[in-house]
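Shared between the two complexes below is chain A, which has chain B as its partner in the first and chain C in the second.
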Partner chain A sequence: MNSSNLKTFLTSNVDMDEQIIREHIENLKKIQVKKGNFLLRQGDVCKHSFFVEEGLLKYYSIDEKGKQHILQFAPEGWFVVDRESAFFNQPSQYFIEALEDSVVTMIDVDMFASLSLHNQSFALFNNKLLHNHIRHLQNRINLLLSATAEERYLDFIRIYPDLLLRVPQTLVASYLGITPESLSRVRKDLATKKHQKQ
Partner chain B sequence: MNSSNLKTFLTSNVDMDEQIIREHIENLKKIQVKKGNFLLRQGDVCKHSFFVEEGLLKYYSIDEKGKQHILQFAPEGWFVVDRESAFFNQPSQYFIEALEDSVVTMIDVDMFASLSLHNQSFALFNNKLLHNHIRHLQNRINLLLSATAEERYLDFIRIYPDLLLRVPQTLVASYLGITPESLSRVRKDLATKKHQKQ
Partner chain C sequence: MAIKNVVSVMAPPDPHFVGDGFRVHNFIPQGSRTGMYRMDPFIMLDYNSAHYFEPSATPRGVGVHPHRGFETVTIAYKGSVAHHDSSGGGGVIREGDVQWMTAASGVLHKEYHEEQFSKEGGWFQMVQLWVNLPAKDKMSAPKYQSITKDQIPRVPLPDGNGEVAVIAGSYMDSKGAADTFTPVHLYNTFLHKGGRADFSFPVSYNTALLVVEGSIVVNDAETVATDHFVLFGNAGEDFHITASEDAVVLIMSGEPIKENIVAHGPFVMNNQQEILQAFDDYNQGKFGYLEDQV
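Moving on, here comes the complex of A and B:
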């Protein structure tokens, strides 16, 4: 099995000798995760960033009433990691679970920082990756504070264009911070608007 | 005027020659910002990180109905920057405004990345700073999705222990994503609980 997606992702984003990238990638462990299996559970310390080669992961918390709250979906080509746990060595508040049978490359949490110290291009890339993560999180906070259910849903489609058919509506609603009933209304309203335009 | 808070912050967090830090700090522009004045407006491209030496800033969006939504407060010793605008060269969606008369050091947005390329200790520090930012944003998203108004309020007090007397209740409510009425109820309930314990 080759770490093809991660290699493609890195070689197309980092101005770094392909041979060096290949050497680093080849040493990484790639695992198969069956739907419903966990890569991280609440209470564990997160030791890896997970890069999704195939499949789909969900990253979520469970509140005291047992309700799931989705922090992130990670389809093919996405990273997911609990940075609080991994980089500050704390027990995680979250779970990472396979929503579909998946293939995942496990990246030691120090690898990106260590590569950054030895290669300036990689350092700039890693910096950009972190800033990109921050802008997405900040945008999500702004939407949770200020946007209507419809605006949040449209943003979801923009970020995850191919997930609507792969993720149960209850989980989409959970990601958006709205009720499943409210999500149904939004979808119905949008379908009506689209129909009226035609 | 000396950039004393920023210098102290850096020398106590980065294993880097104090002389080098001082040289970088001395070149930075420090400005006074009167209460109600802006460091960034929606539509501008953000060119600086702002480090608050004295005073208090608010970082917020305004929705279509003219309502403010607080992304962050920045009291003494905090940084604030619109990373989406600054690092991806986009017009900002946000405002940065002085809530009190403030003194602010302006840091060119590339300075931290550039220092990171020349000093490994600074690179590790900058990396930690970005990860710390990410964990706070993620925690906030989790609270907005899953926590009660009381839990969000208690988290606010933990993060900003000295801001309750400096920030109007309407802005605290806006930060928490709850109504001012709900915030009043939470404060009343907590005061009753505290009274009952005594």
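Moving on, here comes the complex of A and C:
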């Protein structure tokens, strides 16, 4: 593995010396995760933020009845971390599992803090990432509380344009908080509407 | 006329499953490691070498998925496949049949082992070939050519040494069963042991063959075993094959389209913008709707 999407991601977004970025990135561990393997299990303490170089991860909980609830999908270029566990040192309530054979860079949770201390523009960028993440979560809470299945689906395809071809629809339904039957109905309705327009 | 030389003889790469019903060796583009341009207009070739599937109450296969921008050609050697698509079409591809599906602007379809075959189990052997479409035809209307075994013209070889089934293009003035958008020749050649067949294609055409059964010698020099793939060079026009034992050989040769290829999963377009558009159209339901259940 010679190219790093993480390096590209940082160099194209942060106005800082490429040398400093390279020094920080170089020592990070890049691992291959086979489909079905875990980066985090419920009860573990999360030690890293995971950046997806290749492949796809899912971040989810399992309720008492054994039902899976997906909080986030992480395809190429996404970060995933259990912040409660990593930054508050709590045993995790969640699982992070590979949905495809993946390559993941493991970022020590202290690295962003240390980079932020050394570099003002990185600190600003990291802040922006956090705000963006909170905005995303807020939008997700609002949609789960108030939106129709179709509105949630339309938001999903905006955020994840190629995931419908990569994950089974049962997982998409789990992310949207609707039944697979509802998702199927939404997709059928959309297709029918489009056909009528033509 | 100059001889068309063999550039490489490839053993079948390790197989992988497409869905749970197709155990395939990928010769184009992975096997040749030369990407989609080397065999343009043939941009993908998955070969399910003869594989025994145990009986199964639930048919194995691939669920609903879209295609846009090219044609899929399914050639059945053993076993049978049932397919359905979002325009309400469907059918069964049986031994000796060829399904030539022009996905063009987009279809949703699913492919499963045919019900009876699935229940009984049996030997399964297929080729799926993707033929690219030129930019001007990528967004044309989808269509099917369901070609049954008896609709494919067969040209007898001299001395009763076998025959050439002309799926597309032409051989010895016999026109193939399928219509194509750009010049493509596709034949199944059936040879008895010792039989010989001669072929001639323009220098610029990209040419290859796949030994589906038996073994052959190409140009009296290269021995090619079952399930091996031969890539020809782009100098010379003529080559011939001789059967070391009874053999079935798929021959393909086509005029390169020579346009930019941007492929992402089931979409093959000319640029990234068109790929993003394909994802969007698929997500928005513009490919139609098809139930996932068999």
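The working rule: the second predicted complex is superposed on the first by the 197 of 198 C-alpha atoms of A that agree within 3 Å, B and C clash if a C-alpha of one lies under 4 Å from a C-alpha of the other, contacts with A are read in each partner's own complex, and residues count from 1 in each chain.
Convention: a contact is a pair of C-beta atoms (placed from the backbone, for glycine too) under 8 Å apart; a residue touches a chain by one contact, two chains touch by 3 or more.
Just so you know, these numbers come straight off a predicted model, no measurement behind them.
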Original post:
For the three-chain model obtained by superposing on chain A, do chain B and chain C clash or fit?
Top reply: fit
Subject >> First (chain B), second (chain C), both or neither touched by A:Ile157 >> reply: second
**OP:** Tell me which partner A:Ser49 touches in the superposition: chain B (first), chain C (second), both or neither.
**Re:** neither
Original post:
If you stack the two complexes on chain A, which partner ends up touching A:Ser92: first (chain B), second (chain C), both, or neither?
Top reply: neither
**OP:** Using the touch definition from the top, say if A:Leu165 reaches chain B (first), chain C (second), both or neither.
**Re:** second
**OP:** Once the structures are superposed on A, label A:Lys188 by its partner contacts, choosing first (chain B), second (chain C), both or neither.
**Re:** second
Original post:
Once the shared chain is lined up, is A:Ser61 touching chain B (first), chain C (second), both, or neither of them?
Top reply: first
Original post:
Does the superposition put A:Thr105 against chain B (first), chain C (second), both, or neither?
Top reply: neither
Original post:
Once the two complexes are overlaid, how big is the angle at chain A between chain B and chain C (Cα centres, nearest 10°)?
Top reply: 150
Subject >> Per-residue contact with chain A, leading partner among chain C and chain B >> reply: B
Original post:
Where does A:Arg140 make contact in the superposed view: on chain B (first), on chain C (second), on both, or on neither?
Top reply: first
Original post:
In Å, how small is the closest CA gap from chain B to chain C once the two complexes are overlaid?
Top reply: 22
Subject >> Complex contact set, residues of chain C against chain A >> reply: 65-66, 86, 264-266, 276, 279-280, 282-289, 291-292
Subject >> Residues on chain A engaged by chain C in the complex (per definition of touch) >> reply: 157, 161-162, 164-165, 169, 184, 187-188, 190-195
**OP:** Write out the stretch or stretches of chain B touching chain A in their complex.
**Re:** 61, 63, 67, 69-71, 83-84, 87-88, 93-94, 113, 116-117, 120, 123-124, 126-128, 130-135, 137-142, 144-147, 174, 177
